[in-house]
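Presented below are the structures under discussion, each in the form of structure tokens.
Below are two complexes that have subunit A in common, paired first with subunit B and then with subunit C.
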Partner chain A sequence: MRWLLRKAWTLVAVYFAYMLEYRGEIFFWMLSGITPFFFMSAWTVAAGRGLTVYGADDYARYFFAVFVARQLGIVWVHWNMSEDVRSGKLSFRLLQPLDPAWRYLADHVGERGVRLPLLALVGLVFAWLYPQALVWPGPGRLALGLLAAALAFGVNFSASYVVGLLSLWLEDATEIYNLWYVAVLFFSGMLAPLSLYPEPVQRALVWTPFPHLVYLPAALWSGLEADAARGLLSLLAWNLFFFALGRLLWRLGRRHYSAMGA
Partner chain B sequence: MEAPAVLAEELSKVFLVAAKEPGLMGTLRHFVRRRYRRIKAVNNVSFEITPGEIVGFLGPNGAGKTTTLKMLTGLIYPTSGELEVLGHVPYRRPAAFLKQITLVMGNKQQLIWDLPVLDSLRINAAVYEIEPAEARRRTREFAELLEIEDILTQPVRKLSLGQRMKAELLASLFHLPRLLFLDEPTLGLDVNAQIAVRRFLRDYRERYGATLLLTSHYMADIEALAGRVLVIHRGSLLYDGDLEGLVERFAPYREVRLQLERPLAAAELAGYGEVEEAGGLRARLLVERRRLTAVVAELLARFAVRDLSVTEPPLEEVIARVFSEGRV
Partner chain C sequence: MRYLKLLAIFWQTSLAARMEYRTAFLLAFLEAALEAAGKLFGVYLFYSNGFDLGGWRWQEALLVLGLASLLDAFFIGVFNPNLRRISEMVQDGTLDFVLLKPVSSQFWMSSQQFAAVGLPFLLVSLGLIGYAGGAAGLDAAGWLRLGLGAAAALLLAYAVAFLFATTSIWFVKIFNVVYFLNSIVWTGQYPVQAYSRPFRLFMTFVLPVYFMTTAPAEVALGRLSAGWLLAVIAVSLGVLALSRAFWRFALRYYASASS
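Then we have the complex of A and B:
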């Protein structure tokens, strides 16, 4: 246990230092994720004209929460994995008595350490522009939202890792992840609160991981209706599913690894 | 009897490689009906390495050296054959096995590019479960041996090739592996750095009793370190024995150098051996070993020779002959 904690701490600390070297890139990357604010302005205009169920402040609050949930859930392990397979860097990871997935995870957690202060800056700007939209969700909903965001990160990470593992067969699987991203874009609540989607669509989406990835934490933080228990259980189940799939693909895919380039 | 550090029996590796013709038609054909070629990178190779040995692994590019090393380190699965390294099946990658081996690749790096060397060492210390005090001791010891104490706090990207290679060695040997696989460890280094790396490897082996399997295109590396060589060509093992034996078997000739009183034409020397250099006051020819005494006596008797010396042919030439003829 002592070594486990030491390994985790060292990996996260070193990758945090690594990511600090790229703080500028991370800031601009974060700015490229401001899509929710465009939807926010469209929906608040519609709300101002009385065309929607929620008020303008509700939308401002919701889309800011969407932005935060999305920022916390960003992953790129499919890219890491494909790059490491193509360049042969995976060989060095395989030579060590540590599953390469832990390094990728530390890379992401370390990056979050750089992204969070930058995210806080964006939050301050938002609070200055929309002070009326800020409502304290209460400690319970805040904590549940954070738990949902952490589990959503887990699902995103393990799904992205599964796609990355396909590189062991396809050499480059990064484009496949775009399919996942399209589904996230349309079905996670990034375009509009899912409570506005038609009833049959909402019922169908419940069986997928997508509505819980963004909508669940965003709804919990912004005060919209959300079935927290079902959403959290679903996220947990999807985490287990992708984890198991990842282990299986890793075992099978290792046989295909040719360590080219190394 | 001590168990071998490496035991390979009938080891083979076949790669399926997509074959694509150039041009648009080739691309379309490749898309519709993909063709694969089976490339036998390693073909029924068998050998043993006993603990503490230093073995040179020789072969031209594409001979199968690196593929063999990848199988020995568990990076890839063999297609067929038996393989046991330090009592483990490498491709299963048990932690007990991985903690005892290392692979150094001269053209690749494990160090984190944008961070100081010490940060990569911190990770290695945690991954290999080395206590901080011991990690500091090893860092000091190896950095001193490699003469890189001053560069450990610099980002890896700022290091010269020689410094980086030394730092790679430090990181690769940080967990004190018993078995070292070294693939071109001096590639691209200047002469001083090559000597330093060789000296370090020799010191490490003496201190820790490690076993080394080393590939290199620099014969000086092999001559300086290896007592035994394996020669592989087109995936097959051609020779397994000591370096002198290889020269003995494959180069049954000696090089005779002459310093002459007057210039001699190549034609005048042709009957004595294979003329390498002639036409001036200096001549060089390769003479069959069994005729050496007679030829030397005749040369001295027939020509005005100021000086004569007999040497082994350069190892590079011997190895080049082995590769070009593909047999020993």
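Then we have the complex of A and C:
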């Protein structure tokens, strides 16, 4: 067990060092995620006219939480996989006594180590600009929100990995991931708190993973109404689903791999 | 004329190369449709909650959305695939070969690639603009102003994106700045009047998203006088000239990685 932990730790440390080299790029990547703050601004204007049930502070809190939740959930393993398949780099990874999926996971976890301090920086700026929005969610909600964010990362990662595996057949599968990404963009609660969505849309979305990926952790942190039990169960189920699908495709897909460039 | 011919050759080769990935192209149609639906839903969310985005009728707001989609299509089809190569070529030193060619290096770096997946997005955005313009009751002069405004907006978006991408001469691996810009343009989906004052100022004077979507729509709808059209065009040409000057300036610092 200790031996395994040491191995995992080394792998993560290697990728952390690698990502540290590209901190500037990660910073700009993070900045490109600031769109929720624009939605915050627009909804605040709407709130100023008394149009919605939430007030300006609620929106500031919620959209900051959305920003954090999205940053924690960012994945790119579909891109790694497509790249490795097309360039033939996957051949080398297959020679090692380690499932490449672990390498990709370490890549993501190591990157979070670089992203978190930068995220704290944005948090400080936000706290300075909107001190009235700061509120302690309480340990329970904070922990539940973190759990939801971790599970959401799991779903994102497994789904992205599944799409990446499709590139064993299609060579370039990044376009498929964009379909998933677009759905997340519009139905995860980034545009507005989910309770402002039309009723039928809300009811339909409960059965998809999308609202739980961003809205659930964000609502838990910012004090909006959230059905934590159902959301967490749903996230767990989607994790299992994409994990199983990923294992299946990995078994089938390896036979399809043509080792380009070798 | 020579440049037009070159452009035709560039894009033919790009298309031919991308034909290898036909599934991706077909999927892009689905993606473009889904994304348009999502964007419409975004606008609808505001209106269904009674917020008129700062005094815009629904079909007028869609005109702004259409212009933003048009910019998006150009980012996907032309700006992103080309500008990411600046960063790549600085990294491995292949920019040398471009600089040696008897063509404007800025032209080469901005137009050599053409991603076919941008085409479905272009079609959808044109459809959206056509519908919104018709529903908002644009007359012939309005359409003309819209066309000119949209052209100026595209030029401006390109110039700002190129300005950003040029910084890779110093920072080498900084492709994400173009993504950053892309996401800022995303906020131009809604008229700037929908946002609070600090955001409005940011979108006008810091990153001129206002001139890319809201201003052309306002000019076309006659909310702003035709004189403003000249202002929008002047801003575009000004930033374009700036991007040219900045590229030349940056090249003086290019150290050529491998030689």
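Criterion: the second predicted complex is superposed on the first by the 262 of 262 C-alpha atoms of A that agree within 3 Å, B and C clash if a C-alpha of one lies under 4 Å from a C-alpha of the other, contacts with A are read in each partner's own complex, and residues count from 1 in each chain.
Criterion: a contact is a pair of C-beta atoms (placed from the backbone, for glycine too) under 8 Å apart; a residue touches a chain by one contact, two chains touch by 3 or more.
Keep in mind it's a predicted model, so treat the numbers as computed, not measured.
The wider contact with subunit A, measured as residues touched, comes from C rather than the other of subunit B and subunit C.
When the two structures are aligned on the shared chain, A:V45 is found in touch with subunit C, with no touch to subunit B. Once chain A of one complex is fitted onto chain A of the other, the partner contacts of A:G24 are limited to subunit C, with no touch recorded for subunit B. Contact with neither subunit B nor subunit C is seen for A:Y59 once the two complexes are overlaid on the shared chain.
When the two structures are aligned on the shared chain, A:Y215 is found in touch with neither subunit B nor subunit C. Of the two partner chains placed around the shared chain by superposition, subunit B is the only one that A:Y257 touches, whereas subunit C remains out of contact.
Using the contact criterion defined above for the overlaid structures, shared-chain residue A:A192 touches subunit C, although it does not reach subunit B. The contact surfaces that subunit B and subunit C form on subunit A in the two complexes overlap at residues 22. Remark: subunit B residues 15, 70, 73-77, 91, 93, 95, 98-99, 101-103, 105, 108, 110, 112, 114-115, 119-120, 122-129 touch subunit A in the complex. Across the complex, subunit C meets subunit A through its residues 20-21, 23-24, 27-28, 30-31, 34-35, 38-39, 41-42, 45-46, 48-51, 53-54, 117, 171, 173-177, 179-180, 182-184, 186-187, 190, 194-196, 198-199.
Looking at the complex, you find that subunit A touches subunit C at residues 22, 24-26, 28-29, 31-35, 37-38, 41-46, 49, 51-52, 170-172, 174-176, 178-179, 182-183, 185-187, 191-192, 196-198. Interface residues of subunit A, counted against subunit B in their complex, comprise 3, 6-7, 9-11, 13-14, 17-18, 21-22, 88-89, 91-92, 94-98, 254-255, 257-259, 261-262.
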